[in-house]
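Below are structures written as structure tokens.
Next come two complexes, and both contain subunit A; in the first it sits with subunit B, in the second with subunit C.
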Partner chain A sequence: MWQRETFKKIKQIPREEHVLPGTALCAGCGGLEALRLAAKVLGDHVVYVNAAGCFTMLAAYPYTSFKGSWLYTTMGSAPAGAQGVRDALDVLIAKGRLPKSEDVKVVVLGGDGSTYDMALSSTSGALHRKLDFYYICYDNEAYGNTGMQLSPATPYAARTATSPCSVQHPAATTQEKKDIFEIWRAHRPPYIATVAPRYPLDLEEKFVRAAAFTGPKMFLALSACPTGWVYDPGETPEVAKLAVETGLWPLKEAINGVVTHTYIPKRKPVEAYLKLQGRFRHLFEPTVQTDAIRHIQERVDAYWQPVTKEQA
Partner chain B sequence: MDSQMMTGNLAAAWGARLADVDYIPAFPITPQTEIVEALAKWCERGDLAARFVSMDSEHSMMTAAGAAEVAGARVFTATSSQGLLHAFEVLYSISGWRAPLVLVNVSRALAAPITLESDHNDVLAARDAGFLQIHAETCQEVLDSILMAYRIAEDERVMLPVIVNLDGFTLSFTREPVSLPDPDMVRRFLPPFRPSHLGFTASSPQALGVAVIGGTSYAYFRHQVHLAARNALEVHREAAESFHALFGRRYDLVEGYRLEDADDVLVMTNAGASKGKAAVDAARAQGQRVGLLRLRVVRPWPAEAIRQALRGRRGVAVLDQNLAPGQGGILYQEVAACLYHEVLRPQALCSFIGGLGGQNISAGEFQAIFEQTAEAGVAGTGLGPVLLYSAEEHREMTQLQMLAGGNA
Partner chain C sequence: MYAVRFHGRGGQGAKTASRILGTAAFLSGYVAQDSPIYGAERRGAPVAAFTRFGREPIRERGVIAYPDLVVVADASLLEDPAARVSDGITDQTILFVNSPLHAEQIRTQSKLPGRIMTLGVTEIALQHFGQREAISALLGAVAARLAGLQQEPLRQAIARELGDLGVAPPIIERNQTVALMCYESVQVMARESAAEPATRATIFHTPVYESPCRGTARISASGNSVLRETGGWRTFRPVLVADKCNGCWLCFVYCPDGVIAMNQDDRPVVDYAHCKGCQICVHECPTHALVAEREQEGGVAWTAK
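Right after this comes the complex of A and B.
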């Protein structure tokens, strides 16, 4: 059974903030909450290497949300930017031009559009080269910064601006969400984890555990998105919680490829999660699309069946 | 100093080695590959104290190159053709980051149709990317230009990346005698890279490449890139004088060949200019007063040097080894623009397109260019764009079309 060792109580989470308030991001951004929590472990001695996406607005001249460094690269090559920065720091330290005390952690920040699509080659390259870096994907399951278009992270039956529900496609998105966790895991990096901000102790613990490894440390953060998923910003904690409690967003880690689920939900029916969000409203109104909802439930059940068997 | 026979590619690798670079992200592409192969070997053997990393694409390669440069390392990389275009958006980022790295481009024509041989549509596509561009004619010039490129790029008045261009095949795979500069003298010419304002460190963080909102700040930063590129004209002059004093070789923004009393002038770039010079010699032997102007630095655009060289000529022909479809020659347009306000501008400015994808330019074609340019000068009427394509080439193409099954 997976157990937290560093973070047992909520009071143990440091109060100091490393992502400063007053950003240009949407109210209720679940991704920002995940980053805020992650930064409590990562600290300020960090260079964030950013890919085009919502978080690009975290550093908008003349402001930045960080006391650490920032480099915006492109949508398709933030991991390669991380490679350049990490290598340069290593070379400068090895040549005595930079004291070791000046070293910083290199952290890629990319959304699901970048991570699942355009930067996949660049990520694969960094994983293959065993680059010593962190990768945080804030996954809001669509191209969010451009106004919620279909991405390969969009789940079946979610409505997006480019996968509307129609007579031909009453359930809207017909594809299943791409399994980026398994794509990453096929590269056997030392550490991969999924996190959700509504489970802060789980999240903090994973960043602490990751720090023990040299090499790629990959994080997939659920980023409940009031703007794109269409719910009230105040409901982000509830939506993020239900994503986990229905089993749709498994909390897990993979150390050198070996997967452990860090939280086993009792699994509420998926309707509880779907009903909260406007992007799934067409599944319930004007008529209930029973088949589509059952399909989602069956996929979740199929995912958890071997996991719960293992636990038992 | 002793000379060694080496290819343009090996000379480029020697340029990086003598510049004592720290970091080389690489990706193979013909005809550039020999450069990164040589550097990989030297890094492995410890001949060069740089980290060599095989990247997953040119797009990633250029991103890593720029990121390492702004982290404070001296960076070298190389590509060609499709690779340069695959990395295209990153070029603009690197100049915007003010990352003074050096990129060698080994010119190769662009698909489609896919080919390996040279023309300049690849490097000239990057003319607005904020990179400075030096186009080399000889293997020696490739090496020397890389050393000059680092000195100019890293100058605080410039702080911009540089492309050093050499022609695929004609220079990349051709051996010429190259004198290797003494490393101690290179260090006098090119001091170690110790930028005061670059780097991501714990004690002095910086945010780079950040978003701007609205045109005011965007325009400000891109204007800065332009003004810095213009500063490079003076910085190049200083570097050229210093290089000449130390190594005895002189490289200016443009090179004039037999221009003194020339009535008509042919304008070319890169290794093809060697053929042009031979054609000038042949025409001179027949009594024609012709010369050649080779554009060496293409960014910043050396407008004043071009005006000085072409002022008062009868006819001027720009031979572009590139094609802007629906327009003509890229360099022709730029030469024409900078002559507009010249009172003693040439009587005629002619445009010829030749040497696409490694296409040969024959002695007869050069002779025809000189004759037509002289006639145009006398008539006071420009010419072109003329697409060079000889009767022999047409016959060859007709045969190929018949083989391909078409009705030629």
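Right after this comes the complex of A and C.
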């Protein structure tokens, strides 16, 4: 049974803020919620390497939300940028021009469009080279900053700008969400975790655990998106909670490839999660698409079957 | 040609309003053109959309630098320099502001020229739909009236544009009814000079080429985003009912922007200069100690410095 050791109570979450307000990110952004909590463990001695995406707005010239550094890259090259920063730091330390005590963490911020799609090859390269860095993917399951176009992270039956529901495709998106966790795990980095900001202690604990490892530390953060998923911004935590409680977003970690589920949900029916969001409304109106809903439920059940068997 | 510029915040429906106006003009037999500005499509960020219509083919493209009518969906934009509401406004321009305030008050506050007109569209939307963002049809209706279009093409345009967005027929019908109420609430404003104004070209500043070896844009300040206030994004503000608060910290933990701090007594203190009004704290408060209150003083309690 997985246990939290550092973060046991909500009041252990540090008060200090490391991602300052004044950003142009949407009100109720689930990705920002995750980053803000992560930064409470990461601190200020960080170089963020940001792939183009919604998080570009965190440091849109001439304002920055970070007290530390931020480097902007194209969507496909943030892990390569991180390699450059890491190498430069190592060279400076080796030459004695930077004291070891002033070393900083290198953290990639990438959306799902970047992570699952454009930056997949440069991420694979960084994992293969065992680059010592953090990677935080804020996954809102579409290309959000440009107006919610389909990405390989978009789940089956979600409506996006480029996968609308139509006569040919009444369930909208026909593809399944790419399993980036398993793609990462095939590279055997020391640490991978999925997090959801609605489970803040689980999130904080995982960032503390990751700090013990040298090499790639990969995070996949559920980023409920009021703008793209079409729900009221105030419901961001509720949506994230239902994603976890229905079993659609498993909370887990993989240490050197060994997977542990950090929370076993009782698994509510997936309708509870789907019904809350406008991007799935076509599954319920004007007629209920029973087949599509059943398909989603079956995929969740198939995922959890071996996990629960193992638990028992 | 009649040129209308819409200003709104992402999610308020300025783009859809411009489409409704464009379609209504087209259905009235005009040549019409409408387009939003391309940018980051984010809730709360200032956005603009443009509609042109006329009897002759329209050769002009792009942003409208000299509008005949400006429709402002959110009064807080008047004071946001990034929104550039005042661009090209002369004393001839008709300026419509979504605000329950009197036009004279807006004139004093904003110091803008133009013939100002107001209507509390958000209040009407809240009253009839119970939602803060459903104002595209209502803004489109106001713009159609001010621009002198008829009711029937407006009705059809609302049905078409909201239908394209996947809005259910009964909700479209309600939008039509309330939109026509807004249409009736404002008066047609004729252009003062009967003569077509001379077309003035938009002035573009050609950027000067800088060699990449001079470096890229650098921000040397640390954490200076706090200088940019986002309090004007709110329609509702979270307000603490102190005696109900049990000091659980959940509002502080879930706030995406980190604008809630816990004081010595474990009570939340909201930074209203930056709170975007997402209502997560109101939704998540287990004891209902945080309640949503409508922003007052003419729809905007917060003003930019």
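The rule we apply is simple: the second predicted complex is superposed on the first by the 312 of 312 C-alpha atoms of A that agree within 3 Å, B and C clash if a C-alpha of one lies under 4 Å from a C-alpha of the other, contacts with A are read in each partner's own complex, and residues count from 1 in each chain.
What we mean here is this: a contact is a pair of C-beta atoms (placed from the backbone, for glycine too) under 8 Å apart; a residue touches a chain by one contact, two chains touch by 3 or more.
These numbers come from a predicted model, not from an experiment.
Asker: Touch check for A:Ala80: first (subunit B), second (subunit C), both, or neither?
Answerer: first
Asker: According to the stated criteria, A:Arg129 is in contact with first (subunit B), second (subunit C), both, or neither; which is it?
Answerer: A:Arg129 contacts subunit B only, not subunit C.
Asker: Does the superposition put A:Val47 against subunit B (first), subunit C (second), both, or neither?
Answerer: Touch partner of A:Val47: subunit B, not subunit C.
Asker: Going by the contact rule set out at the top, does A:Ala193 touch subunit B (first), subunit C (second), both, or neither?
Answerer: In the superposition, A:Ala193 touches no partner, neither subunit B nor subunit C.
Asker: Taking the superposition on A as described, I'd like to know which of subunit B and subunit C A:Thr64 touches: first, second, both or neither.
Answerer: A:Thr64 sits against subunit B and subunit C alike.
Asker: Name the contact category of A:Pro226: first (subunit B only), second (subunit C only), both, or neither.
Answerer: After superposition on chain A, A:Pro226 lies in contact with subunit C alone.
Asker: Under the stated touch criterion, which partner chain does A:Thr146 make contact with: subunit B (first), subunit C (second), both, or neither?
Answerer: Touch status of A:Thr146: second partner only.
Asker: Which holds for A:Gly28: it touches subunit B only (first), subunit C only (second), both, or neither?
Answerer: second
Asker: I'd like to check the shared interface: which positions of subunit A are touched by both subunit B and subunit C across the two complexes?
Answerer: The overlap between the subunit B and subunit C interfaces on subunit A comprises residues 56-57, 59, 61, 64, 66-68, 70.
Asker: Taking the complex as given, what residues does subunit C use to touch subunit A?
Answerer: So the residues of subunit C in touch with subunit A come to 10-11, 40-45, 166, 168, 217, 219, 221-230, 233, 248-250, 252-259, 261-262, 271, 274, 276-280, 282-284.
Asker: Applying the document's contact rule, which stretches of subunit A touch subunit C when the two form their complex?
Answerer: 10-11, 13, 15, 17, 19-30, 32-33, 36-37, 54, 56-59, 61-68, 70, 145-147, 165, 197-198, 200, 226-227, 232-238, 281-282, 285-286
Asker: Which residues of subunit A touch subunit B in the complex?
Answerer: Against subunit B, subunit A makes touches at 44-45, 47, 49, 56-57, 59-61, 64, 66-74, 76-85, 87-92, 95, 97-98, 101-104, 121-122, 124-125, 128-129.
Asker: Touching subunit A in the complex: which residues of subunit B?
Answerer: Subunit B reaches subunit A through residues 22-23, 25, 49-51, 53-57, 59-61, 63-73, 75, 89-90, 93, 97, 194, 199-203, 205-213, 217.
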